Each structure stands twice: as C-alpha cells, then as structure tokens.
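Structure first, then comments.
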Amino acid sequence: MLARLRDPSDRLLAALLLAPAFALLALIVVYPIGKLIFNSFFDLRLQGGGNAPFVGLENYALVLQDKDFWNATWNTVLITLVTVPGALIMGLGLALLANLPFKRRWPVRLALLLPWALPLAFAGLIFAWFFHTEYGFVNDLLSGLQPEPTMWLLRPNWAIAAICLTIIWKSSSFMALILLAGLQMIPNSLYEAAEVDGASQWQQFREITLPMLMPSIVVALIFRTITALQTFDIPYTMTRGGPGNATETLAMLIHKNSIEYGDIGYSSTLAVFMFLLSMAITAIYLKRIASQA
Amino acid sequence: QQTTLRVFSGGQNQRPDLMRQLFDKYQAANPGVKIEIETGGATSELQRQYLSTVLNAKDSAIDVFMIDVVNPAQYFSSGWVEPLNAYVGEPASVMAPYLPVYASANVVDGKIAALPAFADSMFMYYRKDLLAKHGIAEPKTWDELAAASKKIMAAEGNPALQGLSIQGAPIEGAVCTFLLPYWSQGKEFNDAAGKMTLDKVAAAKGLQGWLGLVDQGVMKKNIAEVKTGDTVNEFKAGQVVFAINWGFAWDRFQGDKDSTVQGKVGVMPLPAVAGGKSATCIGGWQWAVSAFSKSKAEAAKLVRYMSSPDSAKFLAVQGSLMPVYPQTYTDADVVKAVPWFKDAAAVVVAGKSRPKSERYGEVSDVIRTTTSAVLARTKTPAEGVDEIENRLRRVMR
Amino acid sequence: MANVELRGIRKRYGNVEVVHGIDLEVRHGEFVVFVGPSGCGKSTLLRMVAGLEGISDGELRIDGQRVNELPPRSRDIAMVFQDYALYPHKTLFENMAFGLRLRKTPEDEIQRRVMDAARLLKIEHMLERRPAALSGGQRQRVAIGRAIVRQPKVFLFDEPLSNLDAQLRHEMRSEIKRLHQRLGATIIYVTHDQVEAMTMADRIAVLSAGELMQYDTPDAIYNRPAALFVAGFTGAPPMNLVDCTLAGGAALLGPLRVPLPQELAARAPTAPLKLGVRPENLRFARQDGDADLPAEVVLLEPLGAETLVTLKAGNAELIARGPADFRERPGTTVTLHLQPQHLHLFHAESGSAV
Amino acid sequence: MANVELRGIRKRYGNVEVVHGIDLEVRHGEFVVFVGPSGCGKSTLLRMVAGLEGISDGELRIDGQRVNELPPRSRDIAMVFQDYALYPHKTLFENMAFGLRLRKTPEDEIQRRVMDAARLLKIEHMLERRPAALSGGQRQRVAIGRAIVRQPKVFLFDEPLSNLDAQLRHEMRSEIKRLHQRLGATIIYVTHDQVEAMTMADRIAVLSAGELMQYDTPDAIYNRPAALFVAGFTGAPPMNLVDCTLAGGAALLGPLRVPLPQELAARAPTAPLKLGVRPENLRFARQDGDADLPAEVVLLEPLGAETLVTLKAGNAELIARGPADFRERPGTTVTLHLQPQHLHLFHAESGSAV
Amino acid sequence: MTSPVYASPWSGPRLRWIAAAIVVLNGFFPALWILLTSLKTEAELVTRPITWIPRNPTLDNYVAAFTDQPLLKFLANSAAVAAISTVVTLIVSALAAYAIARLNLRHRQWILTAIVASSMFPLITLLVPIFETMRGLGLLNTYLALVLPYTVLSLPVCTLVLVSFFQSIPRDIENAAMIDGCTRLGALWRVVVPLAAPGVFTAGILSFVNAWDEFLLALSLNSNPSMRTLPVGITLYQTEFVFPWPVISAALVVAIVPIAILIAVFQERVVSGLTQGGLKG
C-alpha cells in the first residue's frame, strides 16, 4: 500500500495532489457559495427576524428591473474595460523596465511592489487625498495651469477617471509582479536567435517576449479582470460611489444591500449575477489557459 | 458562579476607557460577573459590518453591544436585540426619566430595544472672538448667518476663511445636512408611525439654501467633499467662522494641542429659516443586549446599570459625554467639569431624531447620497428631492 | 559576401580570459572551419563575430568596417547555434520563416524558400509541429534551415551536424558546400568532425585554449602541421607522436632507429624532439624506400572499412590503420613500414615544427 | 548488471505511431548500440526503457521482471540525455552528486566518485561553475559524469559524445568501454558515429522509422547486412548500391558486367536486384581475382588520411576510398577493381539480402 | 548568465537610469507621501498651499502609533498569519499546479475553472457563512481562522501562476531527476520548484501580501484585541469622525516596512534566469 502511494499512477497522484486544494475549497467556499445561491431564492431581509418567504426567481427579475443594478453594472464594466488593459500596459511597461540589467535590482523591484503592498482601502484614501480639491497634490501641481481648482471627485467623469487611475496604479503592480517573473523565465538564447535573425527590439518584443509571456499575461488578466469586476474599496473610499451613484460599482451595490439594507436575498442575487458576469468574461481566458495546459 | 459578559463597545468615540472604569465598578459590586470589552472597527460603518456578521450568524460571543441612536428599530426588527421589558420593566416607567427623544428612539413596537448610553447632537459652533471683534450678534436665521459670515470674511481678508462649514460628503452627517434646513422650516420628515411626510417644496428650498450659501461664497465650492473631520480640522485651524458639527468637536477645539481657536469657540442653537424654528439632529449611543446572548438577565442588569443616572454623570464628568437625563445637565459636578453643557442642554433638548425606520440604512443611504449629489451640483435640488421621495416612498410606509 | 577580420580579439568572463588575442582574416566568400578541443573558445569566437558576446579587447571588422559595437541584427549574419535556440512557441515553418518575415520578404518567396530548405533537410512533413515534438536531429535540422533560408553576408555554423547520422551528414555537407558555392557566402563553421573540416574548408583555424595555433588550408594543416598541438589534434586517430633524439640523419627512438629525409635531418637541432607519423603512414605492406620498424600488436579495433591497430615499438605506443581484413593477433610482432617523406619533426619543448 | 528485454514495444504520440513493435533483448553486461537515421525512434526507445515515456503497447522486462509500470527511480538506471538536461541551478559538482545524495551515499564516497569522474572528463577545475558558464562539450561531459558516478544496473547513453572533439571522443570511448568492463554494466548506447558503433558494440541494433532492421554483431552488420537499408546506412561513406540484373553468374549494370562469386550467383533470383559494394572495396590497385570496372572520376574529397573519390560507372554513381595521395583529376577514366567476395546482392523490392 | 552587450536602446546607462527613475517614482511616491505625512502635524495637512516637506518634522506620530494601540502585537499577528498562510498556500497550490501542469488529466479545464471560479464571488457575501464555518470549527480568534480562508483566497491565483511556470520548465530536467532517483514529488521539490523560483517567489509574495492586507475577514473572524491584524488595527486609530492622517501614516509606514524588507531580502536571493544553460535545445 505504501509503495503504491510512493509511486501512484497518474490518476491517483493527481487525486492526491489536488486533494488539499479541493478540500480547502470545499471547507471555505463551497458551503458559503451554496448558501449564497440558496439565499437568492428567498426574500430574506434581516429586518423581519429571518422568516423568509421563498420567492423563486423573483429576486432575479427584480435585479433585471433595477436601475441601480444596471448603473452599477455599467460602471463596473467601464472600470474593468479601462483598468484591465490599463494595468496590463502599465504593468508590462514596469515589468520590462524592472527587468533591465541593473546591478542592484531590489530598489526597482521594491518600487514595483509597493503599490500592491499598500493596503487597498488606504490606497483609496491616499489617492482621494491626492485628488482632494484643496489639499490634494494634483491640484497643487496644476495650480498654475488652471484658474480654479478642479473638483476631481465631485464631477462624475473626473471621478471615474480618478478612480480608474488609482486602480491602474494599484493593480499594475500585481500585473508587473507576475509578468516580471514570466520575463525571467524566457531563455536569453531566444533573444540571441532573434537578434541574429534581424529582429529589432520592438520585433523581439512582439515575436519573443509577448508570445513567451502569454501564459503569464493570461493568468494576470484573469485575476485582474475578476478583481476589477469586484472593485469595491477604491471607489468606496474615494467617492462612496458619488457624486450620486455615478461611481457605484456592483460590489458596492452588493455591500450596500447586504450591510446597509440588510437585504440578504437580494444581495445574494446580485452576487450571483456578478459571478455570471465574471464567468462569462473569464471564460475566454480560461479556454486559452486550458488549451495551453 | 461566574458569568462572563462580553461587551462590544465600538471605537474610541464610545470611550472604552471610561466604560472599562464603569465595568470595574460594576464588577466590584457584582463579584459573580466578569466583563470583557471588545472594541470593533472604529467607525460606525465598520461596527455595523462586524455586528452584522456576528449577529447574522446568531453568534453568542457578544452579550452586550452599543448601537447608534438611529439603529434600535433596525436591530430590533432583525431580531438581534433582546427586548428588555422582561428584565427592566415596561417602557412607560423605565423610559420616562430620559430625554424624550431618546426615550422614543429606543422603544420599538412597545418594546424597549435598548437603553440610552449617552447623548450627542449637532451644534452650531462659532468663533466668539470674530463675532465680538466685528460686533455681530449670534445669528438667528440662515440669512443672518450668511450676512454675518460675509461681513467677517470681507473684513478679515483671509482668503482661506470660510463662513460656514457643514458636511456635504455622502456620510451619515449629510443626512443631518439635509434635515437641518428642512426641519428649520417647521416641517417633519415623517409622522409618529414612521410614514414619510416629505414636503418636497420645503426640502428643495432647504437644499437650495445651501447652494445659495455656496454661491455667496459663505461655504466652499467643494462642500460635497467635506467630511466631519474636515470641518473640525479647518475650524481648529482658524479657517471657519461657523461650523455645524457633533458634540465631540468641542473638546477638539478647546483641548487639542494644535488648535488655534482655544477659548474662542462658542456654541449656539442652529439658525432657522425666517419664520421657522431652530432644530437639530441628535445622535448618541445605546446599550443593547444581544438576542443570542446566553446570559441575557445578567446582561440586562449590566445595561440597566450603564444607562443609570450615576453612570451618565460619571461619563459627563470624566469624558464630557452628554447625558441622556435632563437633570444631569444641571448637576453641579457636571456643570463644574463641563461648563459648556449649560449651552448644550438647550440644543439637545430641542434635538430631533432622524427618521425612525426599521430600514433606516436604506433611508440614510438615499438621503445622504442624494444630498451630496445635489451639493456637488450633479442634480438640482428638485431632482434630488424627487429622487428621495421616489426611493423612500416604498421604504417609509 | 563579406570579409571578416579579427584583430587581437580577447574575451574575458569576469577575471578569466578564455580567448587570448586572436588575429585572423576570413576572405570574401571563403569557407573557414574552426576546430579545437572542447572548451577552447570556438563558440565564444563565433558569438563575438555574431555580436552576441561583447568583445573584451581587440577589433572585429566586417568588410573593413569596425563592428564591435554593431548589434547582431545590423551585421547581416545567420547563425546555427550549438544549442539550437529554436523558438519554442513557433511552428517549424515559422521558425524558419521568421528571419524572412522580418525582412518583409513576399509571402510566396517565403513559402518557396522555406519549402526548399525543408525538403533539403527532410523535414517538410513536419512543418506544422513545434520544436518540442521533434527528435534531436530534427531540431538541429530546423536550426540549419533557419540559417540557410536567409541569404546573409556571413554564415556562422556551430557544430551544425553533430546530431545527424552519417548519411544525412554526408548529404548536408554537400548541401552546405553547394550553398556556399551558389551564394558565394562567407562561412565560418565550427566542427569536431575531421571529415567535415577536411572536405568543406578552404582554410582551417586550429584553436587551443583560446589561442590560434595554425590557420591554413586543410592540406597544409594535415600534411604540414606547424605545431605539435595541430599534429596531435588532427586526424582520427591523430598523428602518432614519439619522443626521439637525432643522430646521424636518423631519429632514435630508444633502441630503434628511423632514417629521416636528408633536408629534414639537416634542419633539425639536437635538442629533444618529437617524431610524428600519421597512422595511415604506418604501413604493413612494404614499398620502395620505406624504413622498417619492428612492433608488437597490442590491440585491434575493426571499424568495418579498416582496422585500427595499436602497436608497441620500443617504448612508444603507435596506432596504425590496417586493412579491414587485418588478422594478426595481439602479441605477434610485425614490421611497420614508414615513408621518410611522411615523417614530421617537432621541437619537444616549444612544440613548433622543425 | 541486468538484462533488458523489449517485447513488441510500441509508442504512439496521439495518433501517430513512432515505434512499431520492437523485439530485442540486451543480455547481462552486454553493450548494445542503437543506430538509425535521425527521427527513427532511438531516443524514444531509450526513454521508454528508462521509464520516462509510457509504453503504448508491448512489454519491457528488466531481469525478467515486467517493469512497464515501474517508475524510473526504481529501475536502477542512469541516462545521458541527448539534450544534456543538466540542473541549471546546481553547480557541476552538485549536478553529478545529486543521484548519490538521493541514495544517501556517504559524503566522502560522493567526493571521491565525483572527483574521479571529473578528472576523467577533464572538468575537475570547473566543479563550482553552473552549467550556463560551460561550453557545449563541457556540458555534455557533465551529463556523462552524472551518469557514471552512479553504478546502476543499466546505462543509457543518448549520443553522449556528439559534441566532443576527436581526441576527447577517442578517450571517452575507451573510458566508457573500460567502465563497461569494470562494472560489467549493461549498456544501451545511441550514436550516429560509425566508429563508436563499430568499436564499442557487442551488438548493434539498426533502426529505421520505428522498426528494427537488423540486430547483430558489428562485424555482421558491416559485412553481412541483412537488408538494403542496413547496407545503405552503415559505413561512412556507406555501401554503394547499384541497380542491376543477373545474367550468367554476373551482375549487369547497364553495359557493364561484374562477375559474382559462384554461390552468390546461384542463390540470386532473376528479379531486379541491387548490387552493393563498400567504398573501401572499390580499389584502384589491382589484386588477384579482382573484377574490373572502368569509371570516370567525378569528384575528389581529400580527407587527409585518404581521399574519397566519386566516380561514374555506366549510370551509377559510386564512391571509392582512395589513398591520401590519389591524384587523378576529375574527368579522367580509371579502372576500379573489386573483389567478388566483397559484393552484396539485395532484392530490389523487399530490400532483403540475397 | 551572460547577457548580450550589443547596443540596445535600453542598455544605455542614461536611459536605464531614467527607466529606473520612472519605476521608482511611480512605486514609491505614495509611500513617500505617507512617510512625509507621518512626520507632519495634523494642522499642517489643512494649510494651503499644501506643504510637501514637513515644516517641523516630528516623530510624535510614531510614538502615538505605538502607544495608542498595540501596534507591535498587530504586527506580530499579521506576520504570523501571513507567513503561515503563505507557506500553506504555496504547498497546496504547488501540488495542485503540478498536477494540472504535468499530469495528463482529462478534465483539466474543469479543474482549473473550478479553482478560478471560487474567486468570483465577492467576499462580503460569503462572510457570514465563513464566519459560521469557523465558529463551527471552533477556530474564531485563532490564526487558523484567517490562515484557512487566506489560503483559499490566494489559492486560485497562486495555482495559476505556478501552472504557467511549471509548464515552462523543460521536462527533461525533471526526467533527469527522476532517473537520478527522485520520486515525482521529489523532482517537484528539488528541481521544478527551484527552477520555477521566480514564479514561486511571485506566488509567495502574492499570497503574503494578500494575507497581510486583508481586512474584512480579519475584522470579523478575529475580533479579540490580542488576535487583531495590522489592517484592522490601523483603522482603530481613527474615530467615528476624525481620521488622524499623521498617526495612521506612521502606522502604515510600520506596516509597509516589513514587507519591503522581506522583498528586498528575497529579491536578491532569487537569481533570475536559473532555467538557462541546462538544456541543449
């Protein structure tokens, strides 16, 4: 028996290797997710002491009619569409810069990482402060260029822009981290071969770096997309979804419905929608990853 | 037999240090009880988040907790707080000694949902020195306040000086920002049963009033960005003539090392609209017993003690926390320790409670978000009021 | 087509110098082969020519122009890497087409050239595969293909045929020669294979531990090695080298006496010497004018086409090429015949040829 | 020491079968060499023996025990990979010591064995380097060292000497033979080098496109090839193969007539045939009993020790090994001499020997 | 490893320094801002024009940060939770990633999808059930209460990162290890993991920082003051209405420094390009 465990067949080995991961998933997320989905079929409000009538798909119908839901979905998608490519480009740029042959690399790499190490909520607060009409350094820098300080966080478009910028700043770090590691795995000899083949720096980037980096890019994109769809802390701390609900995201809507309104059934339903959205968007990436594997 | 009671007492604002002292006294008097304090997140938001997780999971780890004055109805209807009638008696008698606003805020459906811990209220702080210097009396109406501000600002010539600072960011304070001018026109937001009685014209007028103050330069343009702490800091820095803020601000103005306005601060009732009457928003904290507690009787006893006149006096003397009993304001020891309470008393007594609703979270969210949006000028006051009405009609039936 | 000049080229890795000042010119359209023991710096030299390694010292000129600082892509070279360096994410076709695509070669031209090379290399049926699904020899062929589809000024080949079987190697050899003739390209070629070096090279550069030992035609390298090292390195098996002294126009190997040609004996000093004779010049059948050397058969290694015979003559161990049907058993004594004109003499100390 | 049996071994990658049922036994202590064209499945076969590739079909036995399912580690084998597969993160020393460490060999024993191997391989001065700082040949030597420090039952070598120079290769060859004799280990060895195959093998397995063509001693493979393919694959250059028909005890090559030995002619059918003669058996000097063949010199390739001469006889192109001093210019006509007993006949269609 | 020295636009020292400056400025600016703020007084924050360099630098905020709250205790808790969960995450995800990358599993897509999908629900909606689970296990107010969910939190991203890195390790090197006598897991541990060092390091940093920064779970699962982690602890400096930036900045600096040190130390040890030089082609 022991020998069998030491040299298991591929299938047994796979089962053994995957067991801890799935056990943890089962323990920590399966029950919660099951409960979440279960709750979405009930009109479950904290007020009212928990006797929740079964309402079938009514919550789902309500969500689809909810202006706030569509507004939040739109904001979320917008933020995702802006920040995911934004973070990718910026992260890639940073990773490439950090991968240059410096003698001491750690200051550069540390710089790469710091934004990510700054706790999310505090990053939002700090940037909210940067964009503050009076005390922010952004307006301070621009003071000569604009007659009147811009109220960045009080104008819907500027607010979204500021939020996106903050998210990009914060998450490009995560991107860069993964991409930098990917860069380090590309054998130098490929660049040599490409050099000899006559590829310019840009062509080497396109023909060697990008394709060889693709697995890492896809991984980074998957998670960046998922977290972008769950964007919460930064708009929450920067604008509270304001002005009005111009910057309210799905996650904020869910938070509001569960914590502020105590409407568990409805917020569960929203979460299911968010899950579906995430799934739909990441399905494309996942397919790619699976085909690579 | 030893009972351990775990008390959740929010953050610094709930003064766990003082509460501890009271608990120690209580423990000394009741050797069978041991009290542990748990401090949660520092803001009411974080506390709400924590409490809703724990209570939603029907966890018995907490026996007693503090809730905001707006919350008893909500927590009661969620089944999270234990009705105290069985332990302390019927509301009519138990609640009578308290300030009326607190008495009513804590009784839901004839049940005592919680007992008041200490009071709070929105005050109008002002710069006594500046008013005196320019020979201006305390303004009684908003128009007078605007005029006074403009006069002082012009005379001082300090570009950083603001006439009035209020909270325009979408935080709980903005609910008061909405209600204050509305109330001061003599209107009510809701009736006794909690049904909404919004006078849209008055509400829009109230909001328009704020925007008017912005246009006149009395308030700053980015008022929709201002949070409670900003008002405090700017006032402390001597950049504000009039400031609306909670009671805690007094200590900050007078006590903080870096305050430039020590001894120059006055408190007055809020101005009214011409022909209306002054009104303010009350706040404050209540003691509640968890519905999932395993030692409810002991917990109720503790709560009763914490809400007693003696405790109120202790908190007022030691921590300048405002008493929930009217007579405590005039107690000699209290007046000696906290002289400004004599000015405060009038304001608190006239204070009004924010709408009492079991769905207060939603009510507050709608009001503060819309108010802030109007102040940021992404909506007109009329649109904002319409939205508030539309959204809350269903909620406040 | 271009000429390549190396002037005092040195290479240091950290403190270690691995190439110690090489001077060498490859003429327009010349086919030069680098040979030398493993680790002597052949690849390093090639990589410096390609621009992939910095030149620590000295000057590299292509067509008279100093290119030390020119990046590889501007040098118009093609290279077959010793470790292949195929693009793992590209199909074989794209591996080979890459260089052409970069030069914006028309698509049909690319198709044609790649297909031609593929056919030549016998990999036309696997053009859609990725390198990971290839055998070692197949990868090597792709690496060659990648170089030959382009028509650069200079080709650099680093042991391009080492993983191919004799048959294919033979064919590839001819193909590379044909390529050389057709394009008139300048070629620098590293190999360990004597046959390749001898048949393909216009000139052979023999390197040892980062130094150039001799740079000459194959014939000269083989028949007139300028140094002991060259003599001992070329030929498979290499030249037999035996300590000897000179006496009366003959070489003395202990008790044995080997008469030398007149003028060689005349040139030789009396210092300790090494006598060199190639295995194929130690013959078992006597011809006119041969000197005789009795020796004992020690070991037979039949190679099919011939037999390598290890013998002991005096104290010296010698290897001779015998015919395939050589049948003397180890232990028997035979007489070796050697032609004086095939004898070589070297200074034992300096290693230079007499 | 162990014997290895392959029984109907097949290998499929997806739908493509690359090894088509090989039956072959390697005896205790035997030295077997696999040869065959690039891509014929030699490495695949070796990897299956090692347990690194699944066996799609058939049975593999080591010492009589079925090991299809046994992990590599339990088979007690050592392997030199064609692509080296060194551990890039370990020093050379640790690369070689790794297998011993895993077996909890005492430290001084490890030291000793690794140092021995390193000295043998002439890499003892770079044991602290990482593979990236080595030349191709040096890496290959490390790969060999890693295999030989262990003393397993079976050694698998995949072209272990392809990147070494002739000198070193010669030494390594002797060393591996000595190792074989000393340890009595069973060895399976893949090579493209004819000399290696001929000198080292007890038996040679000739593979073609995933099939076993002949499995016999070097002598038999060389002198009695059982199939056209084997004849055409062995020897460098390989056997000349020419279409012919049979008439009156002689082979007819178009207008030319080559008399055959009696008993060969007797065995031969009248169907189309191929006549085979090795280059070294096409001679320019006449001996008794030789048949004559007039031919035109086409190309000379001087190799130093000898000259490869390509000739045209009738329609057939032939390669002969001439002496180093062969001087006939291309275009001249010479007479080739061939000995009847060195002629081979094959069925043109089936490829089998007559 | 040799790096090519041919002239590339980025290899010029000046441009390289500009590049470094961009990266460093981008990364350090907010952190630097915090650092500067931590040396200012609260009043200085609301003066206009804003000041960049503190007028009267003071360390009072650091004193306050350490005395107002048990900051060291928070630090220790965070370090313990983050370290343990990083180790657990790395082990669990390396095993899973190896199975996905190297074993020929038929339902690889579904396994991957399942792992990734687990991160698609907003944490806030899962909070109460997770709380119930932890209470059920009796783990509330222990390190494990956070370690388990943090592991799950980082598991998807770490697994995927490792999958893509394991795939880029040449199989032959792993094969060589198996021939040398390693079991599959032995080869994973001794050869694949070290060669995938950049990926493993990245995964480690990802999970460490995830755990170091997490707030919501820490707030709810470990409410006992002696078990509180840094992010929750830092929020305790603020009060309902006042956000004392200088003190909070000081605490943030204290929170960031260990991570920075950790990274700097590890960074120099993770030699890049380790995969190179082992293979021929």
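Letters A, B, C, D and E mark the chains as written, and numbering starts fresh at 1 in each.
By definition in this document, contacts are C-beta pairs under 8 Å (C-beta built on N, C-alpha and C of every residue); 3 or more make two chains touch, one makes a residue touch a chain.
Small disclaimer: the values here were computed from a predicted structure and weren't measured.
Novice: Show which chains lie in contact with chain A and also with chain B.
Specialist: Touching chain A and chain B alike, sorted by label: E.
Novice: Compute the shortest path length in steps from chain B to chain D over the network of touching chains.
Specialist: The least step count works out to 2.
Novice: Among the chains, which has its CA centre at the largest distance from chain D's?
Specialist: Looking at centroid distances, B is the chain farthest away.
Novice: Of the other chains, whose C-alpha centre is the longest way from the centre of chain C?
Specialist: B
Novice: Which pair wins on C-beta contacts, A-C or D-E?
Specialist: Between the two chain pairs, D-E has more contacting C-beta pairs.
Novice: Which chain, with its centre taken as the mean C-alpha position, is closest to the global C-alpha centre?
Specialist: It is chain E that sits nearest the middle.
Novice: Between chain A and chain C, what is the separation of their C-alpha centroids in Å?
Specialist: So the centre of chain A lies 58 Å away from the centre of chain C.
Novice: For chain C versus chain D, what separation do you get between their C-alpha means, in angstrom?
Specialist: The mean C-alpha positions of chain C and chain D differ by 22 Å.
Novice: Express in whole angstrom the distance between the two chain centres, defined as the mean CA positions of chain D and chain E.
Specialist: 55
Novice: Please tell me the distance, in whole Å, between the geometric centres of chain B and chain E computed from their C-alpha atoms.
Specialist: So the centre of chain B lies 40 Å away from the centre of chain E.
Novice: Going by the contact rule already set, what residues in chain D reach two or more other chains?
Specialist: Within chain D, the residues that touch at least two other chains are 71, 82-83, 133-134, 136.
Novice: Where in chain E do residues touch at least two different other chains?
Specialist: In chain E, 1-2, 4, 6, 8, 45-46, 48, 128, 183-184, 243, 273, 275-276, 279-281 touch at least two other chains.
Novice: Indicate the residues of chain A shared as contacts by at least two other chains.
Specialist: Within chain A, residues 7, 134, 187, 189, 192, 195, 258-259 contact more than one other chain.
Novice: State the interface residues of chain A toward chain C in the complex, per the touch definition above.
Specialist: Interface residues on chain A, with respect to chain C: 187, 189-190, 192-200, 203, 207-208, 211-212, 214.
Novice: Any idea which chain D residues touch chain C in the complex?
Specialist: 13, 35-39, 42-44, 82-83, 133-138, 140-141, 158-159, 162-170, 192-195, 198-199, 218-219, 222-223, 232-238, 278-280, 301-306, 308, 321, 324
Novice: Across the complex, what residues on chain E touch chain A?
Specialist: 1-4, 6, 8-11, 16, 19-20, 22-28, 30-31, 33-34, 45-46, 48-50, 52, 91-93, 95-96, 98-101, 103-105, 108-109, 111-122, 124-126, 128-130, 133, 148-149, 151-152, 155-157, 159-161, 163-165, 167-168, 183-184, 196, 198-199, 201-202, 205-206, 209, 212-213, 215, 231, 234, 243, 245, 248, 252, 255-256, 259-260, 263-264, 267-268, 272-273, 275-276
Novice: Flag every residue of chain D that touches chain E in the complex, lowest number first.
Specialist: Chain D reaches chain E through residues 47, 50-52, 71-73, 77-79, 81-89, 98-99, 102-103, 130-134, 136, 139, 146, 150.
Novice: Within the complex, which stretch of chain A touches chain B?
Specialist: My answer: residues 46-50, 132-134, 149, 151, 153-156, 240-246, 256, 258-262, 264.
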